[in-house]
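Both complexes below contain subunit A, partnered by subunit B and then by subunit C.
Here is the complex of A and B:
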């Protein structure tokens, strides 16, 4: 599995979304029904564990749509 | 507003100008979008055009949110309701939050909290039970607190089981892994006291939390009769778990996000997102520095409900402005707890507090 596939799998598992929904128009924090603050915290923890990284505090709030998670991972040195 | 980089940047003159302009805008906005708010502020003779300072703007008693569901949203917008952690038998506040206001609250909380706790997240021990965060569409203040502060934490561990007994195994396991570096303990004041501190005392258990920052807030609620002083609280905690840094915060469900943290000098601080006013109970005029009064809290965040200017049921006093030794500009203050019931009667409601 590529890193992007791993990332997508976590997103789909936690948000219950389909492949078609993996984009910034649909997956927006606090707007996409299942992406609330409870799921958010758990999902961040799962991403951190999978990629062995630690988000900074501000990353957690800036992770507010599908693509920002990828950007944060890249900044943390993940090849994705 | 939500885009400001530093949560503590404004000195008095700039802050007065900024808050007045933002809060006038918000007052106009809510008057336009919340008919009940318009009616109330009309009755108070509100005319924002004549306001030269934010202290002249109308305030709502915080208890009003226990009686009315006040919303400035169009009918079908997506929203969540947060309830306050009232004591049993008492009405709870209902706060209507849409996505924008929730996001603004989270950004504010992050910026303010990082200023005190650092930008790296800390291992996070929660003095509460896992069941507290299970309910999804009805958030309690405890849920909101645990989740809100989760952004500062990692490896979240709950110190209590769902029956509120101490999960000593989980706590010891957590400490084995993380006790040698800075970590965060968070809980509501009465929870930390009753289910952690007192429990450890009674069972004569000593823990090593000497590297921890213990963050607590929310006051004593139904344990008001068991309340101890700030010094006693810190001393007893230090005795059972060695914690050196006990940090209080002042905040309420009705104004989540624009929270007031206690600095290293033991003072609560207003951030750029918030203001604070102390009012004399006899005529609601503004107190001088050092004079005890009823606390009015002001926040630039509430957009989905008219909660930007609230008169609380707490009393406290302003200690100074722009000159706290910790270096943060803005007003700093202390809180003494709830006002005696009698003093608020006739203010606007007949709300009875049995705590």
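Here is the complex of A and C:
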């Protein structure tokens, strides 16, 4: 599985979304029904564990749509 | 005028939002006067709340104008809203203009607008209201249960005043909203700061998102409140590793924090130069009944403190006799001017007067220590809390039984962990997802299980504690 596939799998598992919903028009914090604060922190924890990284407060609070998670991982040195 | 807002320096900021909206106390008083003129028929209203200035202005105007608003979440599930609407048939609706389309079936003429909200007449007939009735709050924020708490002017003003006094709130305070306004604790923060002439920072953005913290920093927020869930999330986003220089006070109510987290927050607050208050309350007492002074927080872990100014507690045994002895537990009774008038279960109850007469059986089991500090040790009824919101297990069962007709369904569990058991395959499979949707609470707090039989004792009494022995995941 590529890193992007791993990332997508976590997103789909936590938000219960489909493959064609994996984009910034659909997956927006608080707009996508399942993306609430609890799911948010659970999802961040799952991403941290999978990629062995640590999100700072600013990373967690900036993660507001599908692509920002990928950008944060890149910044933390993940090849994705 | 409500909370004396017309007597506060009228140029002072009262409500401020991230988009730059800023309403002064003069604006608030003006809006309240205008609404009082427009509300010719004194009858029930629904105020659909959001953490925006327009929502607060409508609440104040409706209450002061004699249209006794029931405060509800603007995002309330459609079915639950319709149930409540059909049950109480309000005369007025105060709704966000951007949701007008959603309420089209319930409204006729618009008679006023302010702060992005509109006041609409519904076409329902007039309801007779008791003159002491100021506002109504739902006992359960999200299940659409028609059981309401009736609050009087005295309730609102005495509780807001007591909170202002023990927290020492003055006009320099700038609380930021972290809790919904239709929730008793969220509302009490608004009320206690309005009565003090402070400026409330209103945002609909969650504290897990950066725009919240940008607004916090820009406006130099001085306080926030949170239920245990709020503090758990703040902990998980590492807020308690940071400095929040403008923060002077944080408060916690709506259930017990884990002792470890309470210690962590107390130490962090001390380091940050802030005061941390653990508090206790219920909707039935307007909001607040007790608080733990911050200097006692590290000395009295697990305690919810001492009664608020003007209130007192009794602990009673099952026969109703007062237990004077320290250390012995019994049902907690609160006596004070903020004890609600009573409940309403139907429209006709809105004319009722003071049923409680200033004395509230809290349903909580508590004990008092030698120094006069109180501790909650359990609950009498079948309730649990999902992230600070009280949920009746009986109600959850009713919601599920409607969805899965004929199914045998039981709910149990503990705070933030509601378990559904059913002998019906579909309910065992989909029950948790359905209930979390209906209650608009995170799916994480719900689980459902299939059971082949309902465990009962020899008298037919259901043995809730035995359920897990028979449960299978579906």
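The criterion applied here is as follows: the second predicted complex is superposed on the first by the 80 of 80 C-alpha atoms of A that agree within 3 Å, B and C clash if a C-alpha of one lies under 4 Å from a C-alpha of the other, contacts with A are read in each partner's own complex, and residues count from 1 in each chain.
To be clear about the criterion, contacts are C-beta pairs under 8 Å (C-beta built on N, C-alpha and C of every residue); 3 or more make two chains touch, one makes a residue touch a chain.
Since this is a predicted model, take the numbers as computed values, not measurements.
In the superposed model, A:31 lies in contact with subunit B only, and not with subunit C.
Look at A:48: by the touch rule set out above, it reaches subunit B but stays clear of subunit C. Shared-chain residue A:58: touches subunit B and subunit C both.
Using the contact criterion defined above for the overlaid structures, shared-chain residue A:13 touches neither subunit B nor subunit C, since it reaches no partner. When the two complexes are superposed on chain A, the residues of subunit A that touch both subunit B and subunit C are 29-30, 36-38, 41, 45, 56-58, 60-61, 64. Those residues of subunit C lying in contact with subunit A across their complex are 206-210, 212-213, 229, 233, 236-239, 241-242, 387, 442-445. The touching residues of subunit B, when paired with subunit A in their complex, are 78, 80, 99, 102-103, 106-107, 110-111, 113-114, 117, 119-121, 133, 136, 143, 147-148, 150-152, 154, 156.
Chain contact summary for the complex, subunit A toward subunit B: residues 28-31, 36-38, 41, 45, 48, 54-58, 60-61, 64. By the touch criterion given at the top, residues 29-30, 34, 36-42, 45, 56-58, 60-62, 64 of subunit A touch subunit C in their complex.
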